[in-house]
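Two complexes, one shared chain (chain A), two partners (chain B, chain C).
For the complex of A and B:
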């Protein structure tokens, strides 16, 4: 009897723990997304963006897709965030700490955000996905590899070409020497 | 799975709203890139969540494609920002109005 109650207690604790992890991840992700946009310094902003990307990787882990989570960590947190950080460092110091935004648009932007969230939330809540749960096992990552190599192989090759082309284009653009600075006219 | 699909979708909607707010209010080119990243991550989260609850491997496959294409997009976007910054000595997109040639 007491074993059963202990098991029940453990189950409840595990459920609460999962919920706590989910809540912590949501707070981390959404809070650092807001911080990335609102912090005065662009450097701290890009570090906060790293927090958002890492939080989304945590959500991927919660969704039983560790392969995508590792990919997210490697590509986003490992390369994109560092790339953004180095680009920020190329910018003049006073521009990094200057807040450039439309004061008049601020409240309109917040209103647009709320309308979007409430509207989409209402639509989603009203649809049938509110009570969707699953007991089925997660997708094995071998299936993803099989997908890539069978059905999606043209897309994979196209993606490789796009990556190579875009990286070459980025290098060519960033290395241009003939771009001279133009005086501001206004 | 202790969480339901709706939890992840709500987080994704919140991220999408924040990204739209950033895109409409900020005039700093790099910050607009941050906002685009946040929107793309909301989309990826949605894809993986729906793929988990179907369950189908297509969601994760599409999310992997999306992450790779987003990496290419960020590389090109940052180099464009660097070129425009060299030209105008500023990252305010209001100054980029006369971009030509």
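For the complex of A and C:
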């Protein structure tokens, strides 16, 4: 009996939550994520990945944070997806990928994903997210910037150092003296 | 008896015209008007002359001149008008069309040619229309081994992205399609879509020349996006906002180019590279790789890509104006609307005509649009000018210019802005 009322309650809650845009975005995000994994063509897979990242940007817009949404679009769709596309286009995929088709692997993967999602969901539900009121005004990005420069400055410095280190490392790795001296004639 | 119409009779001709007229009136009154009324019931109607405009009154503007102007004004405040006509697509497409003609004619004069000459009586003024008709009527040919969905979608998405860019540009105070709080970031996000579209379309054509052009375009756009973003940060630091309307309004006394000339120059150069214009037109270098990533496009697909390119050109020039040249700000040169026409009406002999709803546009708006268009046309002129002057540069020179010089100069610009801000000269709470 209590199970039935619980189910009914959950159903009502889901229906109340079900905003049309939210549903459309969820379908787009999850659908294109599945497509990105399952499509045989790598190019279409990376386009589907772009759809997923764009859907996440849409979620940020729904959550009243256009700043993060625009950065999601500019960085993930605009740069990282381009990187993936570029790599995929210049690669003969038969040379690196061996097809391993296995029912057991597939089910194991799905089970692992379910375990992971349930765990994450439990953590999120336990974190006090239900006490958040939704009609509060959105946080201004200027306040976030001010917080970053005052209270969270060690985190900012750490991030800057990590980024600078990775950029320098990439430059060092990409620099090839032999090729450069061979190609340059001037 | 003519060969084309062997059984021509004048009475038959008149009868056919009358027949067509009869059917047109019948269909309009039986289907057209009811359908219009049904649609009007679902549209939110404005309040005109103190009473709500109902669908029953909607067609009275044809007969009643006192209602015409208010209804037109109410229509001009709708989103549809803004997107399709004035600050949005129509306005930008008009400026883009003008740009294409001026570019061809000016380039010809610079190179001592005549340019478009025969189409239209005066200086080939109808050349553009002729080109458009030709492109529309040409067959669209798709390469046999092309990836058809992407190949079809690429020109349309390209125009869509360019139109999204145009939608973010404020033309006059309050006249902008999308007045978003993070406008400049939205511009960066939209600019990020162009390399994707280019590389996808060039890959989908499955041909050598487009692919080489596409890879060049990708290199060029991705490496010039970084100095582009960095060169605009100086303006953001000094204004303390990302909203393009507020940035334009903040330059009412002086434009930012006075204090940030290095940023303006860097932005101008990166703009040339993002627009694939000479001297950075490696992606469509016609003397090396046919037409670069545009090689396999034909007919109206090519036309769409060209339209998108010129919309993008207008949008970049307008962005330069908004960020560095003061947007719509300028001395008032448009005379105020004569007061007596509003209060007394137009007197013509014995008749006095009162026209309610005047003035249609405010003085500030017309003045702002005039200054904005003047500045934008000037910037477009300076974008077009290098085409008649410079040769194309090598790709390694291009990349070293982007990665070493422009990024360095952009940082210098940021430090100038920071110095002005911390010295208390400019910015929020500054002395100027």
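What we mean here is this: the second predicted complex is superposed on the first by the 120 of 186 C-alpha atoms of A that agree within 3 Å, B and C clash if a C-alpha of one lies under 4 Å from a C-alpha of the other, contacts with A are read in each partner's own complex, and residues count from 1 in each chain.
The working rule: a residue touches a chain if its C-beta (ideal position, glycine included) is under 8 Å from a C-beta of that chain, and two chains touch if they have at least 3 such contacts.
This one's a predicted model, so the numbers in the text were calculated from it and none came from an experiment.
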| item | value |
| --- | --- |
| Partner chain(s) touched by A:113 [first = chain B, second = chain C, both, neither] | first |
| Which of chain B and chain C A:174 touches, first, second, both or neither | first |
| First, second, both or neither for A:71, with chain B first and chain C second | both |
| Partner with the higher number of touched chain A residues, chain C or chain B | B |
| Which of chain B and chain C A:143 touches, first, second, both or neither | first |
| First (chain B), second (chain C), both or neither touched by A:56 | first |
| Contacts of A:43 with chain B and chain C, given as first, second, both or neither | second |
| Contacts of A:85 with chain B and chain C, given as first, second, both or neither | second |
| Which superposed partner A:35 touches (first chain B, second chain C, both, neither) | neither |
| Chain C-contacting residues of chain A that also contact chain B | 67, 71, 79, 141 |
| Footprint of chain C on chain A - complex, ascending | 43, 47, 50, 66-67, 70-71, 73-74, 77-79, 81-82, 85-86, 89, 141-142 |
| Interfacial residue positions of chain C with respect to chain A in the complex | 147, 150, 180-182, 185-186, 188-189, 191-193, 195-196, 199-200, 203, 215, 218, 222, 225, 240 |
| Residues of chain A defined as touching chain B within the complex | 14-15, 18-19, 22, 26, 29-30, 33-34, 36-37, 42, 45-46, 49, 52-53, 56, 59-60, 62-65, 67-68, 71-72, 75-76, 79-80, 83-84, 87-88, 90-92, 95, 99-102, 105-106, 108-110, 112-114, 116-117, 120-121, 124-125, 129-141, 143-144, 147-148, 152, 155, 159, 162-163, 166-167, 169-171, 173-174, 176, 179-182, 184-185 |
| Of all residues in chain B, those that touch chain A in their complex | 1-11, 13-22, 24-28, 30-31, 33-35, 37-38, 41, 44-45, 48-49, 51-53, 55-58, 60-61, 63-65, 67-76, 78-83, 85-92, 95, 98 |
